[in-house]
Amino acid sequence: MNEFLLAAAGFVLVTVALGLIRILRGPGDADRILAAQLLGTGGVAAMLLLGVATGLPGVTDLALLLALLAAFAAVAFVAGSGRGAAGGATPGVAEGGTGGEEPE
Amino acid sequence: MEASAIPTAWLAGLSAPGGVLLVVPLILPVVGLLLGLLLGGRRLGPFVFVLLSAGLAAAVVVAAAVVTGGEPMLYQLGGWSPPLGVALKADGLSVVLLLTSAVVTLGVAVYAQRDFRPPGARETRGSLAFWMLLLGVWAGLNTVALGQDLFTLFVALELLTFSAVPLVSLDGRAETLAAALRYLLFALLGSVLYLLGAVLLYGAYGTLDIGLLAVQIAAAHALPPSVLAAAALMTVGLMAKTALVPLHLWLPPAHAGAPPAASAILSALVVKGSFFLLLRIWFDLIPGLLDLPAAQALGVLGAAAILLGNLMALQQARLKLLVAYSTVAQIGYLFLIFPLAGTTSGPTWALSAGTLQVVSHALAKGSLFLAAGLIAKALGHDRIRDLAGVGRVLPITLLASGVAGLSLVGIQPSGGYLVKAALQGAAEAGGTWWWGLVLDAGGLLTAAYLLWFIGHALSGHGPHPATAKAPGRAQELVALALALGSLLLGLLPAQVFELISVGRVPPPEPIATAWAGAFHWGSLAAGLLPLLVVAVLVLAFGPWGGRRRPGPLGWPAVGAAGLGSAVGWLDARLRCWPVAGFSLLALVLTLGVGFAFGARACVT
Amino acid sequence: MTSALAVDAVLALLIFGLALWINAARTAYGAALGFMAYGLLLALVWVRLAAVDVALTEVALGAGLTGFLLLGAAARLAPDASFDAVGVSGKGSRFLIALLCAVVAVGLAAVVLVLPDPAPTLAPLVHANLARTGVGNPVTGVLMAHRAVDTLLETLVLIPALIGIWSLSSDPDWGGRPGSLPDLSSNGPLTLLAQVLPPFGILVAIHLVWVGAEDPGGKFQGAAVLAAMWVLVLVAGLGRAPRVTSQASRLLLVLGPLVFVGIGIAGVWLAGAFLAYPEEWAKPLILAIEAALTLSVALVLGLLLAGPPVADGGGVEPRP
Amino acid sequence: MSGETLFGLCGAALVGVGLFGVICQPGALRKLIAFNLLGSGVFLLFGVIAKRGGGALAAAGQGADGDPVPQALVITGLVVAFAATAIAIALLRRLAGLNDQGRSEGEPPPASRSRSDGGP
Amino acid sequence: MSLPLSRMARGVGFFGFWLLLAGPGVLDVAAGTPSGGPVAWAAELVLGLLASLAATWASLRLLPPAPGRVRFTTLARLAARFLWQSILAGVDVALRAFDPRLPLNPGYLAYPLRIRADTDRALFGAYTSLMPGTLPVGSDTNGALVYHCLDLEKPIAAGLAGDEALWRRVRMGGLGDE
Amino acid sequence: MSLTLDLFTVAAVSLGAVFFLAGTLGLLRFPDTLSRLHALTKADNLGLGLVVLGLLPQVASPLGWIGLIAVWLLALLSGATAGQLLAGAVRPPEWARLTAPGPGKDTADD
């Protein structure tokens, strides 16, 4: 079974690797970030597979972190691309704290 | 020594429980950094002063403990012994660095009280940043001095770099920002190479502790390739951080652009941190390297640095750049000790010469940069040709420059003289007279540009004393004190120099007697004579007393101008980023291959 | 083992190819994007090297925060941004340098191949001495007990780095708030993300620090997650970074290292050495240090991302 | 050939690629990215050494898989590398901002301009 | 459900997520196999409470509870629909990607969403971004939500209307409608 | 029993892998960035869900399941928002013009 899971991880990796062609070819930077996103989701899957196959502790946490930060990568891209405003027509958000606080 | 039985016992008691004393120099700047941020820029100046005074006291106590104990102090942090834990060690070398950094930093701190005191009740940018970064540099240096683990030393080096880089750009001008960026990137390149070397050593021996590694490396039949590669990588990485020619691209703009107090620290101490690590690697970690022919390469680079740096300093129109290029040259002297260490006098002797040069240059260059800062502040510029009259406005400052200059040139009884005497002696003993030639040429060139600067400062009618801004008296006195310290280094009792041999194989002849023989007043005249010749030459060519440059010059002058522009071209090329990178790669490969062949030759 | 080797080979090839592409990319922005993907791949390699702790750090710091930093800079800077616009012009010299780099790499590879076998290692020693540290994760044991001084110095390194970044403001701006982060407060989906994700991030971060004592995880990973979440909130305009002169934020900045140093100094009396822990108290003390360090490091990391201060538009007086 | 060897070679190659980039790339940002590649190569080598060391331990049946010391050091190194990148980028942005200012006086510096280009 | 209750509900939710994270550690004890003794178990539980308290605090600060009530039975229906539709969406995209003829007819569609509250609009957008063939790209000047659709032939707007109706029933007002 | 579970794992993981392949193919074949984004968000989330589902029986303790589910939930959450975020960032500048005809032809008002 472990062999199968490893093979599956390898397969997912290869598909993700194919996706990396988008990084090479673009054409736009947007397409490149898509490949990075694919790597995020695929990476989560590959890590789960590897983790269960090799029985390493903590790999679930790693996948969790990757899932959490996959969105952060998208934020980095959006912040970098300097274009926002996909949603609300009214600028600014009505609610929400505005204190300079730390996130805990 | 016999009169100090009680302090000796006290020190022995203090160092007995594993030398917990060693933690003090490590902790003081660390706690200072943390509390300093809370205190804020308004109160930071006096706080740092108090802290540094305590640090100096701690360094003196450590030094006394090491000297009286006669052997290195060791301390195992957290009670874990290497290879698992990290050890601190204070041998003669560490003590010298601890003392030097405490003294110079304290001097700079006194000097900077005036420059970095917030004018109002509120904290300003400079007042927080300068003092915090100064503490950072001090923390890095103390850790470099005491660290015994290659990775701890890496972190200490980074601490040093991260503190030093923003010091360069403290005034916020675009040029200094660019200089800081260039410094940062090149220094990072250097640290990565160093780290790579450490990684290879761990791969080969499973430990990073210098002491344990040294034992294992010494026990090896032949130096394995990983050790040779690590040595090449670490050496070149540290050379890049020390700004040895041809890897000096970052130094002149960075050191010349920083505020004077920062320049003094950068030039006097920061480059010494990485050099100190180089000493640790070559003399403690892998002493076998000193016997390899590749050690000559370091000396050749050192000689090139002396010539190039001095010739470039001679051409500078701005005082701070002149001083910065003088640093490039003086770094060269540091590297002459590597080829000379394999001679009959033994490595410890060369090491003591190198250490002395570290101290002497730190004091002299600190003083010179502080003095240059005072001059620039008083006049509003630092163009050498327009310095006329400064001598009357800032007599003490100029005196300090002159005294520091004497040490850089190597006139009796300065520390610089002792260094040169020692290096010359080693060169003659080893039959390698050409090193001596380089030393002589370097001294004469140094004398030439310093006289050029001082001559300008003394000549003519300059600004009226009232128009120039008066510097703080304390600032001038600090510059003078550091310069005098450098000059009087040679008058220290000869036994002091035995300190350096604590913890290593003593040289065949005690260092004290060797130094004692090196110094006597009779040779002062012999040292001064070439200096006088240079002085006459400078006077002859100088545009003194309103006399501008005479029209057509003879062929010697044309030749000199040609040489000057050729050297300038060479320096400009070398300081291009790609060329410096190329040099870096070439050096790594040359040293690596050189080590490999040398090691094979040694075995067969 | 063949599947495993195939996975390794794919990973190694991907990493190398991506590195080459990053070097060859036409724009810095593209290179930064590539670097983010590269970091994720590298995390997979760390899993294959049985270093999950490192993989966590790589994902959080190497790919996440560094990628954010690089992307932000690449987007703001002109393509030929300043300084040394002279790369290497000539084809010949480029080739020469490439050749030298290749020789260095080959030499390095040769050295790596001849490293002694069996490899010298400290693993058994760490294993034997782990019980005395009270924690079950050997990496945490090494970081917090055996080589505590490295960790202390490393957290300390972040402070001059932050001061260095702050020092890049102009004098009138001192006392303002960090101003390098983009402002995307009018982006609806981003706002939603910044409203929904951070609580989960906090849970994950606390979880990482807590399990770090026994399993992979620890303060740096947790702190990086917290910092990422905080930056998300800042970017979405749901919060503001503290002023550089804020005493509260400075207190939090030094809290962790101070606790560390304090416990370390207390160790001189309580456990016989600086940075040593009394054996029965080792684990609680380590956890206390880790908790305090997490807060401090998270704040530093966030502030490193947030950049030097700029003056407020509102003209609010800086706190004294 | 084992996985470790493969990654060891990969690490060495990354060092080469990174060195080339740091030396040859135009522009400080590209150099910085290449520096990060170089650093990752060094860390990877360290990771390989850790795995080799741990392998010996696992063979002896003692459980641990990977030498924790290099792993801990790599974590420290990653944090340091991040700090280095942050300083370099701050310097770079400040420098670019000053250059912009110098080029066209009167325009707001990019730090404040960036605040306004988030909106549609 | 009143406001304090909804706050508590959030706290409970975050604690539940914590249990998911800490899973083995906490639940081993419940299953009768304490791994670290009762002290460690209590410590883990207390930490979980503190962590979920912190998370709840942050959540309430970032996203104060909106007015209006939530009907949980409808929410469950919505969740089930979401799950099913997202599976359909995956299958739909996969079939198109595998089809050699690449049957795509992409285009934009403006859906006049009547939900006004920003958060709810964004939530609705996130929800529909995983539905078959729709991906919200932003709001136009009239306040309509603009979708990028893979296949304009499909009755997309009708599906969206159904989703919106269900959404409305869950939220029972408080959407800032026109 | 174990065989059944193993078979279930093989089936679910393989199906998940197929969806990953679909996502990649979509990323490579679809004509424009937004269409590629569809492929990415939808196919990959399903693929990940199937992989998680397939791995559940392989986790030693049933309590380890929930960690996996937490991963999937978080991935779903960030996938949903990130997809929308990216869509907003990568939409071509002419998207507003494309929608100019006003409400879609078969827009239903309720």
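To keep things simple, chains are lettered A, B, C, D, E and F as they appear, and every chain counts its residues starting from 1.
Here, a residue touches a chain if its C-beta (ideal position, glycine included) is under 8 Å from a C-beta of that chain, and two chains touch if they have at least 3 such contacts.
Fair warning: this is a prediction, and the values are worked out from it, not measured in the lab.
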Starting at chain C, how many touching-chain steps does it take at least to reach chain F? 1
The larger set of C-beta contacts, choosing between B-D and C-E, lies at B-D
With centres defined by CA atoms only, which chain is the most remote from chain E? B
When the C-alpha atoms of chain B and chain F are each averaged to a single point, how far apart are the two points in Å? 60
In angstrom, rounded to a whole number, how far apart do the mean CA points of chain D and chain E lie? 36
Length of the line joining the C-alpha centres of chain E and chain F, rounded to whole Å: 14
How big is the gap, in whole Å, between where the Cα atoms of chain B centre and where those of chain C centre? 32
Where in chain C do residues touch at least two different other chains? 4, 11, 32, 48, 50, 53, 72, 74, 82-84, 86-88, 97, 101, 104, 108, 112, 115, 119-122, 126, 146-147, 150, 154, 157, 161, 164-165, 168, 182, 184-193, 195-198, 200, 202, 204, 207, 211, 233, 238
Contacts with 2+ other chains: residues of chain A: 33, 35, 56, 61, 64, 68, 71, 73, 75, 77-78, 81-88, 91, 93, 96-97, 99, 101, 103-104
Multi-chain contact residues (two or more partners), chain F: 23, 37, 45, 47, 64, 67, 70, 74, 77-79, 81-82, 84-85, 87-88, 91
Which chain B residues qualify as touching chain C in the complex? 17-18, 20, 23, 27, 30-31, 33-35, 37-38, 40, 75-80, 83-86, 121-126, 128-129, 132-133, 136, 139, 143, 149, 151-152, 155-156, 158-159, 162-163, 165-166, 169-170, 172, 177-178, 181-182, 196, 200, 203-207, 224-226, 229, 576-578, 581-582, 585-586, 588-589, 592
Per the touch rule above, chain E residues touching chain C in the complex are 14, 17-18, 21-22, 25, 44, 47, 50-52, 54-56, 58-59, 62-63, 118-119, 121-123, 125-126, 139
In the complex, the residues of chain A that touch chain C are 3, 6-7, 9-10, 13-14, 17, 20, 23-24, 26, 29, 32-33, 35-36, 39-40, 43, 46-47, 50-51, 56-59, 61-62, 64-66, 68-69, 71-73, 75-82, 84-88, 91-93, 96-104
Complex contacts: residues of chain D adjacent to chain C: 1-21, 23-34, 36-37, 40, 43-45, 47-57, 60, 62-69, 71-76, 78-87, 89-96, 99, 110-112, 114-120
Counting only contacts in the complex, chain F reaches chain A at residues 6, 9-10, 13-14, 16-17, 20-21, 23-24, 27-28, 33, 36-37, 40, 44-45, 47-48, 51-52, 55, 58-59, 64, 67-68, 70-71, 74-75, 77-79, 81-82, 84-91
